[in-house]
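Should a chain be cited, it is by its letter among A, B and C, assigned in written order, with residues numbered from 1 in that chain.
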Amino acid sequence: MPIFLERRQLVTPGDLIAEGEYIAGENTYMENNKIYASRVGIVEYETKTLDVVALKSFYIPRMEDIVIGTITEVGFSGWTLDINSPYPALLRASDVLSRPFRPQKDDLPPVLDVGDLVVAKIVSYDRTHDPQLTVAEPGLGKITRGQILKVTPTKIPRVIGRKGSMISMIKQETGCNIILGVNGVVLITGKTLEDEQLAMMAILKIEEESHTSGLTDRITKMLKEAKSGKEEKKNE
Amino acid sequence: MATVITRVKQKQITQLIDKGKRLDGRGLTDYREIKIEQGIIEKAEGSAKVLLGKTEVVVGVKIEAGEPFSDTPNEGVLTVNAELVPLASPGFEPGPPDENSIELARIVDRGIRESKALDTEKLCLEPGKKVFVVFVDVYVLNHDGNLIDASALAAMAALLNTKMGKYEYKDGEVKMKPGYEPLPIKKHPITVTCVKIGDKLVVDPWLEEEQVMDARISMAIDDDDNICAIQKGGSGYFEPKQVFEAAKLAKEKSREMRKKLNW
Amino acid sequence: MNDKPEKLIDKKGLRLDGRKPDELRPVKLQVGVLSNADGSAYIEHGKNKILAGVYGPREVHPKHLALPDRTVVKCRYHMAPFSVQERKSPAPSRREIELSKVIRESLEPAIFMEYYPRTMIDIFVEVLQADGGTRCAAITAAALALADSGIPMRDLVVACAAGKVDDTIVLDLMDTEDKVGSADVPVALMPNLNAVTLLQMDGTLSTDEFESAVNLALEGCKQIYALQKEALRTKYVSIKEENKEEAEE
């Protein structure tokens, strides 16, 4: 029984990918022994599992994911965050304070207020309730400086690159520290505003052109040209 | 919110239908018992009550003089409104007409209008200035499924029951004369609704069948077996061949009903 | 006021706008035209100009409307006051409310409602100019907007109408044909699943004529479906082409 399409072919929802003994992977569904695409994307397969790498999607929380979120509400015993998902996330005061929360004594806004950025981990989530976060681990907590960027979550793996090659290259060329939230939110902290903006440009270009080939070379070229342009300006 | 149907009941209904049977013992293409009473509201120019199984709908017809629409200056006006009054179902809330009552009114309207059941040209008093406006108000009193067919039947029965006063039109004024005459009715459209459950088509769904259905399709058929109006409803779909099967069923059942009602 | 034309089909068998009975009006589709909406699309179908935008899945407001096991789909079909010959009041008319419902019911079968419980998907359709067949064009554009937003779908939904004019079954009625003709049958289809998700009719047709009209409309749907897929591809293919050129320089 056949696969009807080649790898890296662009499909739209409802396109028939294969029929027969295959497994419906990401962004596909099976009906009557046929596998169809459910999102616009590129067909990929190794052996029996057929996937569609979606060109656009949104983030649905998963346990253990590291995400970057924005505080949107200060509640009674915790905070509500926008984690770039259809579902708002909750962070309990007791988690942040690392001790039981005392409503009469503890005031929440001085700790985290509306508009603050937080790197957190998803500790609990299922279909019946909103995701819960924790910041009680190293590397997690309030973000005090840097630039925030949103990309469609499916592109994060492309920004990382094979074995981290793309992201290491960007970090090197721009001298920035970059945290990639699985939810598509990216935090860039660099020495200068220009360095941070250069890194942003590179990541946005990857998002737009993720489905093309030769991307790593083009991004490297772009970054090197921008840097040498800066050098020339400095020497004038 | 409407009461939730249990999964056990859902399964029961779908399994039976798959075997060609229904919970109340009917065949897949049988209507429930229909009772029609006309002239129950004396203050209305025409009225009718329909009991389709336990679904109960009352329609009142009122006639007033008014202005014609600019693109049909020689024709009277037909206007249909429907109300799903709160006492008819736990799921109906008081307030202005929602999308369900608006859809119901427009489906009933289309059946009457497109079949040209009412000869609106005979309702003109002075072309471009004064015509008779026929208000058909559909009042759903109890919802036990298939409001569309019950409402369409009641509307038609009410129109047939309507007595218009005889009139004289002089100097821009409508003067009533003694005596009555019926509305000028040319056709008797009948609407037949089927729902799709599993891969079967079921005629005249009752409430719980509607809660289990994939989709529904209503077709208004006139005296000459022509289709005048169709409305698919529900979040599911039909295959093209099921659409044509529904048309066949609608023709069959409307013929049966027209004979029974002597319309 | 426009006079009613005597004949809608002339001696050569051509319609008022020069089309043959089975010919579609020109269709132009663009995807991703709005920067704020999660997904968007614009359609020009004949003289119809319609914009569709999708927001979601997102939190349900008001909260009590949320469903525990699936998403809630809301749809608003609205016509701009300047979209028709005689200015239309901006307040939603009964027709717009009914169309909002049937359009929503034509798109819901394509959406995997169970995937995102306790969320809401908002579909907004604005008719900027109307010339017959707006509900069909609206569905075609809204389906593209849904696909553009990244919401998983079983298939695209495409819609087209057929009808009867001067005793001939014709495809894709324009405004005059709709008003003066003897029947109008709008149909929406999920082509890969052969699923009819919208079907309405007003007018008078024998059962045979009805069957011809539906089959003709389905043919029209399939033609427009190819254009929908092309519009989705174009958004991404053009970027691919640009880079190929750069690389070859």
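General remarks:
The working rule: a residue touches a chain if its C-beta (ideal position, glycine included) is under 8 Å from a C-beta of that chain, and two chains touch if they have at least 3 such contacts.
All of these numbers come straight from a predicted model, not from anything done at the bench.
Comparing each chain's Cα centroid with the centroid of every protein Cα atom identifies chain C as the most central. Comparing mean CA positions across the assembly, the chain most remote from subunit B is A. Subunit B and subunit C, compared by their mean Cα positions, are separated by 28 Å. Centre-to-centre spacing of subunit A and subunit B amounts to 54 Å, using the average Cα coordinate of each chain.
The distance from the centre of subunit A to the centre of subunit C, with each centre set as the mean of the Cα atoms, comes to 34 Å. Counting only residues that touch two or more partner chains, subunit C has 190, 193.
Looking at subunit B, no residue sits in touch with two or more other chains.
Subunit A meets subunit C in the complex at residues 10, 12-16, 27, 29, 31, 36, 38-40, 54-58, 60, 86-88, 127-128, 152, 208-209, 211-212, 214, 218.
Interface of subunit C with subunit A (complex): residues 38-39, 56-59, 68-69, 110, 112, 116-119, 147-150, 152-156, 190-193, 228-229, 232-233, 236-237, 239-240, 243, 246-247.
Only residues 1, 94-95, 97-98, 100-102, 105, 108-109, 113, 185, 190, 193-207, 210-211, 214-215, 218 of subunit C touch subunit B when the two sit together in their complex. Listing the residues of subunit B that touch subunit C in their complex gives 70-71, 97, 99-100, 102-103, 105-106, 110, 113-115, 215, 217, 219, 222, 225-240, 243-244, 247-248, 251.
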